[in-house]
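Look for chain A in each of the two complexes below; its partner is chain B in the first and chain C in the second.
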Partner chain A sequence: MTGPRLSRRSALGLIGAAGAAGVAGGFTAGAARGDDAPSTTDLVVPFRGKHQAGITTAVQQHLYFASFDMTSTAGREELKSLLADWTAAAARMTRGQDVTDEGAVGGGPYKPPDDTGEALDLQANALTITFGFGPTLFEDADGRDRFGIADRRPKELVELPSFAFDLLEDRFSGGDLCIQACANDPQVAVHAIRNLSRIAFGRAQVRWTQLGYGRTSTTSKAQATPRNLFGFKDGTANIFGSDGSDLATSVWADDSDQPWLDGGTFLVARKIQMLIESWDRVRLEEQEAIIGRDKGEGAPLSGGTEFTEPKFDVFSTKAGGPAIPMDSHVRLAHPDHNGGARMLRRGYNFVEGNNDLGQLNAGLFFLAFVRSPQQFIDVQRSLAKDTLNEYIRHIGSAIFAVPGGIRAGDSVGSGLF
Partner chain B sequence: MTGPRLSRRSALGLIGAAGAAGVAGGFTAGAARGDDAPSTTDLVVPFRGKHQAGITTAVQQHLYFASFDMTSTAGREELKSLLADWTAAAARMTRGQDVTDEGAVGGGPYKPPDDTGEALDLQANALTITFGFGPTLFEDADGRDRFGIADRRPKELVELPSFAFDLLEDRFSGGDLCIQACANDPQVAVHAIRNLSRIAFGRAQVRWTQLGYGRTSTTSKAQATPRNLFGFKDGTANIFGSDGSDLATSVWADDSDQPWLDGGTFLVARKIQMLIESWDRVRLEEQEAIIGRDKGEGAPLSGGTEFTEPKFDVFSTKAGGPAIPMDSHVRLAHPDHNGGARMLRRGYNFVEGNNDLGQLNAGLFFLAFVRSPQQFIDVQRSLAKDTLNEYIRHIGSAIFAVPGGIRAGDSVGSGLF
Partner chain C sequence: MNRRSRSTVLAVALTATLGLSACVKNSESGDDAIKVTSTADGCEVSTAKADSGTITFDVTNDGDKITEFYVLDSNKLRIVGEVENIAPGTSRDLTVQAQPGEYFTECKPGMVGDGIGNAKFTVTGDDVAVDEDQQKAIDAAVASYTAYTKDQVGELVGNVDDFVAAYTSGDDETARKLFPITRINYERIEPTAEQFGDLDPKIDYRKPGAEAENLPFTGFHRIEMDLWLDEARKNYPTEELIELDEKGRAKLGDQLRTDIKALYDKVHSDEFVLTVGDITNGAIGLLDEIAAPDGKLPGEEDEFSHTDLYDFYANVEGAQVAYGAVRDIAEAKGTEGEKLVGDLDRQFKGMFALLETYGDYDQGFVSYDTVEQAQRNELGAQLNALSEPLSQLTHTVLGVSKS
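Right, the complex of A and B next:
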């Protein structure tokens, strides 16, 4: 690296002990990541460790997510080389470095720069890059095993079933591979996906991408609970990155049929359009009954404060029934009514202009990490009765197996081969 | 306001002297806004003053911009009441308050909340709300003077002419009115536009909106120069908010034919798609020749550092011609080659998924404030020879007259009536 990239280089001096250990030692406790201060620009989140970063990591402010399909001519060797190249580039970028040693301006005048350069002066900003594999990577729609890895497919990695109220569009759904980039500066996340897409040229191509402009969940007790576009706090009951036993029970897929999934998890992505203008015409009482919480504080309608556990058997004389209505979101989504299932959520708000009626194209890009996709399926089936369905539409859907952490010298997905 | 909105209320305690003066005194020097620290969450930028905020204000991290059309049934009284309602709501939101006193949860259970609530726990985040009027507000496409204000149209407020390489789409162009919301938290900017759209119901409707995820310009010497999606520093030669004489010469339209435009300006908005994948295949030397600056440092190719003035008569033996090529962007856009025209730019990057070929829908949402639209027209015509045109497409265009600052007790645009 040469002179002009001083700002990115200087970030290296700020990694500190945790980052250095993460790089050199190969293993860093996932829990240690959970409570990082989320908003510093110079924070480096270790890329290598027991688990991939970006799962229990304190949720960063911005997301750029991409789903990829392998190209029609790519075979086993192309997939292997792609994963190796992606790993090398991700390891560098998460340290705040350019994508290669030659970077944006160091490769000389006579070739396109290795790095696209728009993050040249930006530090790591807690960038995490998390990789996942979709069902079609193992067996495509025609039943072909394009990469000779059909026997490495976790038996639970199958397309999600249809749900009531699904209005899925192909252009927001599926994919052979996914990359989740989260950072406290949006340009850093966009830069990461753009450069990884560029590296994939000829081997994989972007299927769909999603910009999340603001987080709706928190995985750290140090973070305030953010609000979704319906104005309600979201993620109050989320699993925190420091909740070791909850993570073991609900997130890490250590007992799957595939050893390469040890320390890994499943990722469910749903693009949920929110019918903002309709919601905004609902009176406060009804909004709160639909959600099952009060809007200002976020407390369950059975009483208490934001972090009080909902009491589903509390009767309300005024409501003439349960204080938390039978068809409320909180009741139907609660682990008590779903066999104890909990999900580690990492959703982001999105806003993408407006439709021809002047209504906002906006909503929630729902991301959840689960030990088994069945956790999501059970909750989503339970939500068929949710009155919230009047105000939302699921328009995109994808599922990915997220391999365990990447050890020093290794590449993501090496266990597939 | 009641208890649950403590966080928004607490922001009020943090306004400090500048905010209080802006609110109470009616006038605050525009220049004083230029060098505010840009990134604090509790910063309140005075809404009222000699000029509207959001022009010379140190550029915030995030933008949400909306263009509106008046509804077919709205007349003069509806326009007047809309502008009054918008002014009242904007004054509150820029102080970090809910949109009305009753706000998101204070209006009781039996009506839809006045405020949509997603910014309940967020502070002002330097929110600025800037209003503008399009040519069609004064005379629509059929030549009708719908609001009885045709004689208040500034003579320079006409649709922009066609330029070489324009590929404009109606869905990103035009509008009777515009609102620019800038803030250091994207949810705060989105909340502002959403609530102003809601207030407009029945009187005006959204025509198009644009989310800008990261700034590409700076109007303050305290801000580092950001990079656009081609990886180059953008806005190096921008006018700073503290440059009083430059602002008087190039930005404030104090000599227009309309007194209501005193202290105001013209706003040109252009949605510029950048052909990212094509650009990324260009060798570094050619990228730098196209821009006329080096990529790492941002110095003009005639030598020096980022802030060195370009020397257009320096000869390069290597290039066999001018060091800064004749068809380079810096040369063609420079004031020396455009009758001294300078623009106060306030652009933002955008990324909106990808097209069917997997290419990014990404680029620059160009915003410039000018004393006369002719400044933009001259530069844009000069840029017809710009080799950069191979890598960009203008897909949206709009022009607005931005009235002067709003005095205490007054509403934006009161001078129209």
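Right, the complex of A and C next:
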């Protein structure tokens, strides 16, 4: 698709530009460089490679994320066969193909089609499918090693500690396995998860899923800065796919205790509810003080433009203190105040109707890829003092180890066995 | 794959090929025929053993009512062969093609209600090849499943009589006990009953369904509401639900008996014809009944009594009988067929094993409102595991040529 990129973006309303990824990881402004090249419908992102796709891939517009639990009767062989079947199906779908050769209409009139069909006529739309393994896959809550892989568990793959202001619910948390499907068409992402869930019946069952519209981060300098649902620009401090040395330092877990994690990473998922109505009653001056940036341009309150580095020692006579307040989000989340910790973020907005009180159920589905979960833990602990906490609640949480890239002829996770 | 060893695991399914030839003639049986004598209170079979292959029963009616004779598979549900309409003083033959395995024989004088003289019957010897002529095999499967449907409705008539008698006489304790048991026959054949568009709403509609369609709320669930009125008041707190008096109960009971009798007449009429597609699609339809938003898995079917697990179990039994009717046809379809049959045998076994951790018909199932969400999810996961391969059955039976 070419040409009317701006009009498509405006047709998508909030989607193209809204964002909220910074809530936990740094609400920093991003590059408004205009060209969103990955939004072409026929773009195919290679499924196989040194790393799994969907991490440094330029962030697509839509997400469908699913967490699975293995079924109570499934054992080692079922896990192996499931990962092999998922790999085969994912390789096809990321090329824009039906899930099998017979597909949506080629299997004869007497059986339900292999492919559910809603992505017929839609192209690959830059679909990426990324797999991860949760702590409970290696050892369940009762300490059982159901699949004989306990010795393959990365030391750092443990449940996240609890944080101030957590309001976690089981129904949005945890899981033995996860699949992140991202695409530039929501139906393509939904089709991927739906078909992979169907393939899993009898072996694994969906635990929870999350639909995300509108990326809230960029991982490419070619992508424009999105805004989150609080209306602020988001993403300058993010790591880009082209930042080789930052990726090596902060994303790829090449030095873990498990060889199968070479080229892989850890994925932290947090469902963050935004108290939209309360936020919308906050005066502009206070909104900007909470974030530490101006709302229109995205410049740090210490001065400059969107891409000016924040200066934390600048004093403001008007504020009678630091120009970037001590309890502002930008200050607390900044790498300078977290031992240099950075994360590659791929968060998405969500709006899921409203609650019984007529309030929007909306927020940010935060996804961060990190070399070590400690990077997230450190930043999240710093954010305990964040005034933004008054307007957000973390309601879901999960951690997964994301294995390295899948070689030709291989299946994801083969290094577990 | 070794047939014999599998048959001990899942004997019910293995009996599928028993070709039923209920085409009977007046007895001219040779000496090989096994003698069966049906009386008012007995069903004597001259031997309890036979070699696999063609087996002929020579059934004589020494009673004073028209009788029937059945050969049932090992779970006493699927009808392997039957002969009906044996008048007092006459005899008829039943010929079946039997694989090695355990079976049961029984008679049904009066042709309604439970069979009598149920006795074990063992077939030994070599496996019998599946009929080379697929149409013959399909015809046999349809005949077997049709007979099963008629039999289930026959039993339902008797069970509903008992249930209604307890209810209308004010014996609530017995009526509550009989409620889930009485529904078993209906739940086993639910998609068939639903073919008769006007009957199912009267017999089995839930309260919201009846109200949405502006129908009088009658049938099983109306009686359920009256028997568990406290629960009903909890579910519908804004409505004034009133206990029925003797007259109200009698009217409801009569209506249910009348509707069940109408169902009996329909399935026993000449116009009642099933196809093999009805059987295989009916199997998946039964599982859909469980998973539906107003079905058993969410606990909506029996919203007052919380006896959903009985219905759940009966729906699975019904699906297994339908599968059993065509199992050997599917298995003969090369590696695809063998794989499907292997999957289905395993998943049916897993489904029953999981359900049986919650009880059984005799000892009772636990009240479904005590089954927590995590447990319901586990039941749902196993139901999905079973439903996916079962949805392939029609294709394998009808769409794959023999290899």
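The criterion applied here is as follows: the second predicted complex is superposed on the first by the 381 of 417 C-alpha atoms of A that agree within 3 Å, B and C clash if a C-alpha of one lies under 4 Å from a C-alpha of the other, contacts with A are read in each partner's own complex, and residues count from 1 in each chain.
Going forward, a residue touches a chain if its C-beta (ideal position, glycine included) is under 8 Å from a C-beta of that chain, and two chains touch if they have at least 3 such contacts.
None of the values given here were measured: they were computed from a predicted structure.
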item: Touch count on chain A, higher of chain B and chain C; value: B
item: Contacts of A:Q205 with chain B and chain C, given as first, second, both or neither; value: both
item: Contacts of A:T73 with chain B and chain C, given as first, second, both or neither; value: second
item: Partner chain(s) touched by A:K111 [first = chain B, second = chain C, both, neither]; value: both
item: Footprint overlap on chain A, where chain B in one structure and chain C in the other make contact; value: 107-112, 198, 205
item: Chain C partner contacts - residues on chain A that touch it in the complex; value: 71-73, 107-112, 198, 201-203, 205
item: Chain A-facing residues of chain B, complex; value: 2-5, 62, 64, 104-105, 107-113, 115-121, 185-187, 190, 194, 197-198, 205-211, 213-214, 224-232, 276-277, 280-285, 287-288, 294-297, 349, 351-354, 356, 358-360, 362
item: Residue ranges of chain C touching chain A (in the complex, touch as defined); value: 347, 350, 377-378, 380-382, 384-388, 391-392, 394-396, 398-399
